[in-house]
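What follows is a pair of complexes built around chain A, which joins chain B in one and chain C in the other.
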Partner chain A sequence: MRKSKSLFRDLTKDSRFTIAFVILLVLVSLAILSCFSPYHPQRMYQVPRGRPPSWTHPLGTNWLGQDVFWQLTFAVKNSLLIAIVASSISRVIAILVGMGAGYRGGVIDRILMTAGDTTMVLPILVVLILVSTILREWARYLTNLGLLLAFFSWAWDARVIRSQILSLREREFTFVAVLSGMRTIKLVLKQYLPHVLPVILSTLINNMSWAIGMEITLAYLGLGIDPTVPTIGTMLQTAIYRQALFLRLWWWLLTPIITGIFLFIALYWLSVVVSEYLDPRTRFQRIGIR
Partner chain B sequence: MVMEVMIEEIEMEKLIEIKDLTKIFSIRTLFFKTKFAAVEKVSFYIKPAEIFTLAGESGCGKTTTAKIILGFEEQSEGEIFFEKKPISLWKRKRIQFLQKVQAVFQNPFESFNPLRTVDDIFFETVYNYRIAKDRNRVTELIDDRLKAVGLSFQEIYGRYPGELSGGQLQRASIARALITNPTLLVTDEPVSMVDASLRMSIVNLFAQLRDRMKLSILYITHDLATAYYLSNRIAIMFRGNIVEMGPLEEVLGKPKHPYTQLLRDSIPEADPRKKWKGEIAIFDSEYEEYLRQGCKFAKRCPVVMEKCKKEIPQEFLVNGVLVRCHQYGE
Partner chain C sequence: MTILPENFENERTLSPMFSSFMKEFKLNQLFRKCSIRKEKGIPVGRFIKNYLVPRFVQYILVTFLGLSTAFFLPRFLPMDPIKQQLSQYQAFGVYIPPEQLEEIMGTLKQLYGLEGTLFEQYINFWKRLFKGEFGPSLARYPTPVIQVIAQSLPWTVGLLILTTVLSWIVAVIAGGIAGYYRGRWMEILDGIVMVVRPIPYYIMSLLCLILFAYLFPIFPLSGGIGVGRELSLSWETMKSIVLHGTLPALTLLIVGIAWQFQSMKLIIQGVRSEDYVWYMKAAGVKEQRIVFRYVIRNAMLPMITQLGLQFGTIFSGALVTEMVFAYPGVGWILYDAVMRGDYNLIMGIMCISVVAVTTSIFLLDLIYPLFDPRVRYR
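What follows is the complex of A and B.
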């Protein structure tokens, strides 16, 4: 506990981390707020349409008679959900494949890495467009889209984890662990996982922002999840599709854009700060500057 | 009849026997694949309650031999018998094998996972081998083993490897190896990374373990001084071959193989009048020597013969010492 506190204090010395943390905190509380929404996220004409921001509707209302603020809370929740599903599942696959391939080596390594390389060289956007067109009904659901995105993002990190395990495997404490009677699975989880955890953490953040970006791209093209379910992507797509600017409803269009920008900046800075913190070389540099 | 009994007695005495052990590594470049034997036809045995030293310069195959014995590497040829059963049979009972054969490695800072506490691996060892279950009993056992090496449970509990000194870690690593009550301890350069004052206490500890616990130790080292102090029998390795093997006094007292003579002469003496003569030739290409035909020492040997460059010398028995040199052949 004391350790995690001092870690947090160390991280907040970097102003980028503080800003990113505050933004994320705001976004997460928005997502939590969606549970208390007075409106249904998908139903239309619940409020007067096209009203500018006011006290009753902090971010105005859109042309479909929905309150933009409460739509945003659902959008943030859903986008984060997709990101978390995609990144956590791809992380689990990456850990299993990376560790299995790295520790076992040989034929298993070659099979797993070939599979990984194959998904890596596929043009992801084209395949995602194809798949979400063909499996339109299936890809409408948030978790399914998350799964689809997870399938395309595990390979890079599996390679990173594998290379770490390859170097850990040759270190003496591996032999000592074997001599202490540990079985392979236990050895990998107890001895190696703490070493690869930092890498997993920083790639997790990157993967989350990639998944959100991919969702927005797909939604913009009118693919991916059900357009009436609010996400940052579908909000943007609906606003553009319904000619928000032409109707002079700028708050309708700007809300998802600005939220998206803030989300990306927050995740980017977070990943930069975390990987800088975990990389001893840049850590020394920072100490030297101070 | 008498002869047979004697042979049987010798057989009885072998805790572990290594027969014609060979390990071939291949180096791949873009077009070629060169094979070389890191360990070539190595045979030796260790008796119960005996310290057997495997000495030689770095890169001579000592560590590879140890790794093969411990099962971390697969041998290319040859067989190992532990308690008269071939190692392939022990592969299926790996846990039982490792309970009897434990190891201590060279670098104490590398022997412990830097991200886990030192006591963690002790508890793992006890629980994985099902030596004790009750937490108090386990702590007692660990404390007992740590006391044997001059540490205590309190000193290591909750500490990370970075918080302990190299000497403490190396002793802790020996204590861990002793938890399972092994009969054979493979020690791969256990004292080369600790400072001189601790070196003696660790070496004394090994001697104690041999005398009190009847532990056999395979002591791998490049340091002839500690080997001389400690061991019962010694084998000198050079480029994958054992060039000379026998009782300690014979091998180091009257070295027969020119390489052993060279090794012994290169031990510095604490005498300002005796200076190193500048005639020790360090061969620059290790691989070239490994790939040599005939005796691998031929290019550096002061008494080289024409025969040495063509034929691989056989082992000859001279005064109870096995020597792999053409000088002693008829």
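What follows is the complex of A and C.
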């Protein structure tokens, strides 16, 4: 406990971390606030439509008769949910594949890495558009979309983890552990996992912002999530599709855009600070592929 | 590096010492070059066997798998191009008697190259691919896919090559300078980049659209060329193309520069603390010369890789940017093809894009040892 407290104090020395942390805190509390919403997120014409921001409706109301502020709380909750599902599951796949390929080597290594390379070579956006069109009914649900995104984002991290395991395998403590009869599972979990944890943590945050971005992209094209379920992407899509700009309802269009920008900035700064804190050499990982 | 006199940085005060240092430095370099050349002669066979062959095998394998995915994936789409074609006929008021329906469907299947089992189609696909064709577009029958792509490719490639190269050059120079020097301006620049860098390009394009086409209507809202204008080499047409292309190019430039600026700056910060930079500084080599001749050049390698990878991704287009600005490039027709179940067109674009990416990675692997001798001995 004391350790985590001092870690937190160290991190807050960087002002970027403090700002990012506060933004995320606000967004998370918005997400929690959605549980107390007086309106149903998907029902229309509950309030007068097209009203500018006022005390009763802090961010105005949209053309469909929904309160933009309460829509936003649901949107933030759902977007974060997709991001968490996608990034945690892709991390699990990446760890399993990376460690399996790195530790076992040989044929398994080659098969897994070729599979990973193939998913990296494909134009990922095109494939996602195709798959989400094929599985239209299936991908309408939040967790399913998260799973879909997870499936396409493990390859790069698996590669990084594998290369780390490859070098760890040659270290002396591995020989000591193997010779003293440690089981493989225990060796991997107890000895190797702590070494690759920094990489996993910093890519976790990057992956979250990637997943949110992909959700917005798919929603923009009218794919992915059921368009009546509010996420940052579907809010944006509805506002554009209903010509919010020409109806002069700027608060309707700008709310998801600005929330999105804040979310992306917060996640990016967090990942920058965390990876710099964990290991200055991991700077290069941020350059990353995406 | 602590025991240096204070005026050591000035080149003129130590010109004799400096020139002798430079002589030694050049000799050293010469020696290093010779030694590399000597070693290079010996392990060519080993280099081919350990470096080239595995990479080539990998290249072929990954390309094969990627192309196969490009064949199979579109075929799972829920849209049936034949039924769509039929319903299009019926929408025009053509009455098709039920007994003829089967026959028409059979004919259409034959025309589209969709008869036979999936496996037979797959074999046909490879046969066609080696002839360099993808068959007819299904939604724009009988225009061949190649022709459809060729019509939209110049738009995308023109836009993307221009923005990719320009943003790369700007980012390398600006990032190099910002990474090396420190000061007030650099901090401000860095702060701007830290804010712009995480904003994804589709949000950036929306912002640009709202700002420059709606609030301040300087540029046209959408399209690649004015409505009803024919492609020609006249002055008016050129002006229209440039005006329509400015906003998409601007968004891609902003995002591209911010992204690469950040990487370049980080690499430079790694390079500038290396020993040889201290050595040159101590010897009084001009700062400018150090930055442009040595530090930036040494940091170029990862940046060249990035540029190569980006060239590979040009062919799948900047889909969302093109959608936002209704720009008639590859991304636009790709989206159209997905919505209309045009298997062949999707397949064609995906194949070109897969081959472009794998080939550019392979080429990078090939030229990498020329730039970096360390790679040869791995």
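In this section, the second predicted complex is superposed on the first by the 279 of 290 C-alpha atoms of A that agree within 3 Å, B and C clash if a C-alpha of one lies under 4 Å from a C-alpha of the other, contacts with A are read in each partner's own complex, and residues count from 1 in each chain.
To be clear about the criterion, a residue touches a chain if its C-beta (ideal position, glycine included) is under 8 Å from a C-beta of that chain, and two chains touch if they have at least 3 such contacts.
Keep in mind it's a predicted model, so treat the numbers as computed, not measured.
Applying the stated contact rule after C-alpha superposition, one finds that A:Ile265 touches chain C and leaves chain B untouched. By the document's definition of touching, of the two partners only chain C reaches A:Asp117; chain B does not. Once the two complexes are overlaid on the shared chain, A:Gly181 sits against chain B while remaining clear of chain C.
By the touch criterion defined above, A:Arg171 reaches chain B but does not reach chain C. In the superposition on chain A, A:Pro194 makes contact with chain B only, not with chain C. In the superposition on chain A, the chain among chain B and chain C reaching more residues of chain A is C. By the touch criterion stated above, chain A contacts chain B in their complex at residues 171-173, 175-182, 190-191, 194-195. Partner chain A is touched in their complex by these residues of chain B: 70, 72, 95, 98-99, 102-103, 105-107, 110-116, 121, 124-125, 128-129, 173, 176-177. The part of chain A that touches chain C in the complex is made up of residues 16, 114, 117-118, 121-123, 125-127, 129-131, 133-134, 136, 209, 213, 216-217, 220-221, 236, 240, 245, 253, 257, 260-261, 264-265, 267-269, 272, 283-284, 286-287, 289. Residues 58, 61-63, 65-66, 69-70, 73-74, 76-79, 194-195, 197-200, 202-203, 206-207, 210, 214, 262-263, 266-267, 269-270, 302, 306, 309, 313, 316, 319-320, 323, 334-335, 338-339, 346, 349-350, 353-354, 357-358, 361 of chain C are the ones touching chain A in the complex.
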